[in-house]
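First up is the structure itself, then whatever we jot down about it.
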Amino acid sequence: MTGYGRAFEAMRGATGPVWDAYVRHDFVEGLRDGSLPREAFLHYLRQDYVFLIHFARAWALGVVKAGTLEEMQACSATVNALLAEEMALHVGICAEAGISEAALLATEERAENAAYTRYVMDCGFSGDFPKLLAALAPCVLGYGEIGARLLREKTSDTYADWIATYGGAEYQGLCESVGGLLDGALERRYGADYRNLPVWDGLCATFRQATALEVGFWQMGLTP
Amino acid sequence: MTGYGRAFEAMRGATGPVWDAYVRHDFVEGLRDGSLPREAFLHYLRQDYVFLIHFARAWALGVVKAGTLEEMQACSATVNALLAEEMALHVGICAEAGISEAALLATEERAENAAYTRYVMDCGFSGDFPKLLAALAPCVLGYGEIGARLLREKTSDTYADWIATYGGAEYQGLCESVGGLLDGALERRYGADYRNLPVWDGLCATFRQATALEVGFWQMGLTP
Amino acid sequence: MTGYGRAFEAMRGATGPVWDAYVRHDFVEGLRDGSLPREAFLHYLRQDYVFLIHFARAWALGVVKAGTLEEMQACSATVNALLAEEMALHVGICAEAGISEAALLATEERAENAAYTRYVMDCGFSGDFPKLLAALAPCVLGYGEIGARLLREKTSDTYADWIATYGGAEYQGLCESVGGLLDGALERRYGADYRNLPVWDGLCATFRQATALEVGFWQMGLTP
Amino acid sequence: MTGYGRAFEAMRGATGPVWDAYVRHDFVEGLRDGSLPREAFLHYLRQDYVFLIHFARAWALGVVKAGTLEEMQACSATVNALLAEEMALHVGICAEAGISEAALLATEERAENAAYTRYVMDCGFSGDFPKLLAALAPCVLGYGEIGARLLREKTSDTYADWIATYGGAEYQGLCESVGGLLDGALERRYGADYRNLPVWDGLCATFRQATALEVGFWQMGLTP
């Protein structure tokens, strides 16, 4: 049990082995036991900066597609947190690691990076609000699951800061909110039995494809 | 019974008096009994030319948002019919009426015109494929209903060409296709009992607002 | 001189008499001299609440379409201000006027209201970032111009709160920011001589149509 | 000289070595000399079927974003050709190769496949019409360049059908049309000197990223 809500639980369950390929990827295990090469981590951070820009765009698209004021406000708060805080935090972490903001901005986006974020954007543009959330969920909630597990299981403090960020109370609280947003979005549109509707299969397929693209992102992280 | 499918029947039923305000608008009655001033009709034709451009864009958005190859093909065929045939037909009708193609292209779009088409576009961008169809349906199928009735009830031949276009077999066949597309789109996503889901109320509200904007379009037609 | 930047100045200049029809509309003059019927003002407030929701969506679309981090942050800050503050403020004003939040949420959106916001949304979806801003500008900056003038010229305190909001330093500062955002967005994409490019004519046409739709919004305000 | 227009020529010139990495990829050379394993070719055909669906969606988005009737008609004709003819052709080729239509529809989309098409879709949604075309151009026109060269340089007839399709007069004519559409779209918006505007750099970056994603698509083709 992740505690991130009913829908996430069910989507994850329907995803099959690709979920573990994501949350237990070699990159993740390297964060856990400190064996991840520093160069790979820095490469990941640079790509993640570009990622965050498109991630913020995707949450802004959530504001556009939301159906209630509460949904709008939840998405808007996330956009604002990403653009006003998370990006600055990221710039700070990178600065400590010797990567200047200019270097971050000059990062050439890798295909595996674009693949995930543009897939999310297209789900958002083409589908409805739940479709967008289903594409976003593997990232937000997967990181939460990874962070929580690594906080318990880490055998090295090399990447303790990263683990503390995603395993910590603040990010875990965000995951609970996003999980609740997904649950509510589905019920408000499709009723309580949404898992018996055809649309559910499409949402699970979206979640699975997004998860597969996250596996690609980690894999890219290993090959600077 | 219109014969345009289950969903249209139900949405129209949920729309209330605004439906009749649309399909029995003074403009429509003026087409029926020939009392519509020629100037109003020509003004309507000019605005309708601009309308058709955005209408084609909306159906193209349907291709973007469709979930199956059949849905894509149905929307694409409509776009192509509009751009490759309907527009040319329209240009021809206007030419006979003394309006040049240059004059058509120079038509300043009236607010009541923009109101409907942009509402449809935004439904399409913000919602899913059924939402887009729910916004398109009052136009496509309402014209079908109007054409069929006027063919039976007309007391003048002044606007017989217009009536023959929308009351005729070809357009009526299109209406049956679009009605079937809507029925199928809903069932493929929401199952057979979609009318019991919360999403149904939103679709009916979209259909009703689109109908109200069509009333505004007729009203504009009366005030060149 | 409005002080809202070069591009706004030029677009307004290219708009012709419809600009004055907007900023000197009878509704506006009624705010200035207090002659606007209370019922019309309350009706306007209710419609404006629905308007703000779509206005926030349009600014969120700005985040999606922005080309630089600064552009994203500017749009995101506006979305957040609208959803986290302005809406609450609006609810407060309406509460004082005897309109409950439930009543606000139940407001049926008028066609003239939908016409403007959906036009903006479609400009944003169909065009690029400057196109979206050109459609938003008449609202943001027109209200700034109206507020500033009414603060100087008002002959009654009946609507002093409304006038103080839009004529006051905070809103005027926002207008300067948005004007600068528009200037920068154009120069960053089209260079300093953007007014000599064909795209400029399209942007001015968008600005003009948006202004015309704002006239319709005021007109609607007079007819509860 | 490719004969596909000024803008393509210039964008290709600005792309650097990644262009050759695309049009002279091992997959392409394997088509030329017949050394491409049959299994890889069939795998490519299956993925290409999924690709065509999203490619048609992207051209439909072109209809939505076009600025003139001619632009709309050009995009619509392409959508229609893809959905009404190309898909059927593809199904036929696959059937001959022993892949049923059911198998095609069941193809699991590979990440490298999604990466390109969703990148194109997002360029279209976020940018203007030229941006969408800049993202589409490497595919349409690159295949034209490859087809034309392989028709001259092939040393085996194993993949003669494929080569004849893209090197043949019909596809080459399409390339000239699309090249002209791109030229016209740029000039109509940005004037004849568009290459001196800042927006040009962004368009070239889009073209380059799309080309890099096409390299990934060929690479995927080699790894069934």
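In order of appearance the chains are A, B, C and D, and numbering begins at 1 in each one.
Assume contacts are C-beta pairs under 8 Å (C-beta built on N, C-alpha and C of every residue); 3 or more make two chains touch, one makes a residue touch a chain.
Bear in mind the structure is a predicted one, so any value in this text is a computation, not a measurement.
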Rotation in the CA alignment of chain C with chain D, degrees, nearest 5: 180
Selected interface, A-D versus B-D, where C-beta contact pairs are more numerous: B-D
Centroid-based (C-alpha) most distant chain relative to chain B: A
Centre-of-Cα separation between chain B and chain A, whole angstrom: 41
Chain centre separation in whole Å, for chain D relative to chain B (CA means): 35
Centroid distance [mean C-alpha coordinates] between chain D and chain A, Å: 31
Chain D, residues touching no fewer than two other chains: 57, 64, 125-126
Chain B contact footprint on chain C (complex, rising order): 57, 109, 111-112, 114-115, 117-119, 121-122, 125-126, 209, 212-213, 216
Touching residues on chain C, where the partner in the complex is chain D: 64-65, 67, 125-128, 131, 187-191, 196-199, 202
Residue numbers on chain B that touch chain D, as the complex places them: 53, 56-57, 60-61, 63-64, 69, 72-73, 75-77, 79-80, 83-84, 87, 105, 121
